[in-house]
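Have a look at these structures, which come just after this line.
What follows is subunit A paired twice: with subunit B in the first complex and subunit C in the second.
And then the complex of A and B:
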């Protein structure tokens, strides 16, 4: 499918050697929204969770140390920028790399929390993400081998051969695992249940946006 | 025809091999129950990814393997960090849980007094370093660095003091500059290609050898702390 049918009028291209970024209202909108969210997350103050104490009538605050919060904020901002990069990139392999980077940063954000259940979940998610790097990168490599290019602008003009379909299916599998949606959500569900909310939210946000973008990329490659 | 037919016909077997290795790795993960083993086994799946990417076999694929490897390494590091943090939290909550009964490999006093134990490591280290210098480049650096590690470890194992090289990081930095200069010369003055090739190769040799040697020294410090 042509990217003009999917994303609206072509506003321009940015040529960086053989990596060509194309700007459509769709990708620009996703990019701008994600950057806006990243700025909001970078500026906002973290929330404090209050937990009811068992058998007593008082509440306990779940506090996060200043140093850990700073590290978490840094990783959250980088995660936002990486997802924004995945929104605007015009190169198949760059998309997979941004995706893998978001996966690593998601693990990093929760790496220092105190709840063992959250760490358990992060460990499981990390294992799934690592296993899914095989279909993710492998799919991109198979598409490269079948067509000879990674540029989405060129790929969208080509008819899909069986090898490209195989590569796209593998990539879909990799994206599902790496962003922790549908069949793999069980690994990621517990990762949000900790204090320090605005920084934790970027885990959720990045995978949502990346799925939207992945649908566009798969449509470009397959049709 | 730039690529020989033999290499093109190897593409499909390579992809199948990668997918089969990945399948075997995931099967092993499904069977295994210990978390550390699972972590190590996921690395096999990561290696299968390198298989599939390198099967493409062009310059571009070579440029894709490197970020793939880096991502793999970063994920392994991040997950193992998670594992360490979690185990620390568990020990904090229940300090006695970690007191497992362990036994030594050698239950009785065990001493070996053979000449080969003192002379062979030095000789092997010397041969490795010499061969590494002969090879030059990345491979040579790795081989020479392995020799340095072997030397440091074998001395440490015998309880002897190890010569401490404080300037190793400096050597590494200068070697990096040599490499960069070699590369720059390659583009600026192509007629001196041999000189720039040797600059780059020797720079890379020193760089990798000192890096691998540093790993050996770090390991030694860890042993000291214990």
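And then the complex of A and C:
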């Protein structure tokens, strides 16, 4: 499928050697929205949770400490920038790299939490993220071997061979695992059941946006 | 099995990596029957296998021609207009590599040979942004790991909760040791008493 049918008119390109970033209204909109959210998250303070205790009259406060707040905010802002980069990239391998960066940052944001259930699911998500590098990079490599190019503009003009379809399916599986979409949602959904909300929300937001962009990329490659 | 039971199983984080590994395995097995063929029209051209070896070139199979900084080598990027001086260092080899290739016809197949100039061009010139991203992934993992180890693993002895827990544990331990000693003492005394009688 062509760029114009999916994302609207081509507004311009950013040339970085073989990696050319494309600016279409669609990708620019996603980019701007994500950057806006990142700014909001960078400026906001984390929420505090109150845990009620059964049968007793005392509540415990789940708070994010000053040091942890700074670390988490830094990682959340980088995560926002990385997922914004994935929105305007015009290169298949570049996209998988952004995806891997978002994955490691997602684990990092919750890594300092002191709740065992959260850390446990973060560990399980980490296992998936580790496994995901095989289908993500392998899929991109198979598409490169089959077509001889990684540029999305060139790939969108090429007919899809069975090998390209295999590469795209592998990439799709990698994206599903890394962004925690059903049926692999449980490990990621349990991960952000903790205090410090606006920073935690970027975990959810980045995977949401990346899935939208991944659908566009897979349509470009396959049709 | 009812679909509800299946969903409940999926809601446990512990099961998810297994499910993912299983589905990845299924797709890889299906991949074995998909016809795979390398498209020869590649981004960075490679000569046909054995072609350079048959010609007897010293750095076969990595000879891509070109004289460093004078004549561009045989390299074909996607967007040549974005990398105008591409190919100028394709043929670069270190002095040691030059020397070894001058005395040995097998330099290209040895472990210490690598197309240095070419890899530099791909990594830092045509695909430089990827290199930045790759190293930033590494940097982020180091930041996370070092922050955790400085603030939690190394700082554990200053953590108040940890200190309280440690003190409690130490008291419990010494109590247990004391009661052990007492019990053994009583046992030994009883034994001695039995023997004396």
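Keep in mind that, in the parts below, the second predicted complex is superposed on the first by the 223 of 223 C-alpha atoms of A that agree within 3 Å, B and C clash if a C-alpha of one lies under 4 Å from a C-alpha of the other, contacts with A are read in each partner's own complex, and residues count from 1 in each chain.
Just so it is clear, a contact is a pair of C-beta atoms (placed from the backbone, for glycine too) under 8 Å apart; a residue touches a chain by one contact, two chains touch by 3 or more.
Computed from a predicted structure; not experimentally measured.
Student: Tell me which partner A:81 touches in the superposition: subunit B (first), subunit C (second), both or neither.
Tutor: A:81 sits against neither subunit B nor subunit C.
Student: Output check: A:147 vs subunit B and subunit C. Expected answer is one of first, second, both, neither. What do you get?
Tutor: After superposing on A, A:147 lies in contact with subunit C but is clear of subunit B.
Student: On the A-aligned overlay, A:93 touches which partner chain: subunit B = first, subunit C = second, or both, or neither?
Tutor: both
Student: Looking at the overlay, what does A:137 touch: subunit B (first), subunit C (second), both, or neither?
Tutor: Only subunit B is touched by A:137; subunit C is not.
Student: After superposition on the shared chain, which partner residues are touched by A:187: those of subunit B (first), subunit C (second), both, or neither?
Tutor: In the superposed model, A:187 contacts subunit C only, not subunit B.
Student: Contacts for A:107 in the overlay, against subunit B (first) and subunit C (second): which applies, first, second, both or neither?
Tutor: After superposition on chain A, A:107 lies in contact with both partners, subunit B and subunit C.
Student: Which of the two partners, first being subunit B and second being subunit C, lies in contact with A:16: first, second, both, or neither?
Tutor: In the superposed model, A:16 contacts subunit C only, not subunit B.
Student: Who wins on subunit A residues touched, subunit B or subunit C?
Tutor: Of subunit B and subunit C, more residues of subunit A lie in contact with C.
Student: Applying the touch criterion given at the start, work out whether A:218 contacts subunit B, subunit C, both or neither, answering first, second, both or neither.
Tutor: It touches nothing on subunit B or subunit C.
Student: Mind working out whether A:67 is in touch with subunit B, subunit C, both or neither, as first, second, both or neither?
Tutor: second
Student: Could you give the residue numbers on subunit A that contact subunit B in one complex and subunit C in the other?
Tutor: In the superposed arrangement, which is not itself an observed complex, subunit A uses residues 93, 97, 100-101, 104, 107-108, 111-112, 120, 127, 131, 134, 142, 144-145, 150 for both subunit B and subunit C.
Student: Any idea which subunit C residues touch subunit A in the complex?
Tutor: 10-17, 19-21, 23-24, 27, 30-31, 34-43, 77-79, 82-83, 125-130, 133-134, 136-137, 140-141, 143-144, 147-148, 151-152
Student: For the complex, which residues does subunit A have touching subunit B?
Tutor: Spelled out, the residues of subunit A in touch with subunit B are 93, 97, 100-101, 103-104, 107-108, 111-112, 114, 116, 119-120, 122-123, 126-127, 129-131, 133-134, 136-138, 140-142, 144-145, 150.
Student: What does subunit A use to touch subunit C in their complex?
Tutor: Touching subunit C: residues 15-20, 67-68, 71, 75, 78, 91, 93-94, 97-98, 100-101, 104-105, 107-108, 111-112, 120-121, 124-125, 127-128, 131-132, 134-135, 142, 144-151, 154, 162-163, 165-166, 169-170, 173, 177, 183-187, 190 of subunit A.
Student: Touching subunit A in the complex: which residues of subunit B?
Tutor: For this pair, the touching residues of subunit B are 11, 15, 18-19, 22, 25-26, 29, 35, 38-39, 42-43, 45-46, 48-49, 52-53, 55-56, 60-61, 64, 67-68, 71-72, 74-76, 78-79, 81-83, 85-86, 89-90, 93.
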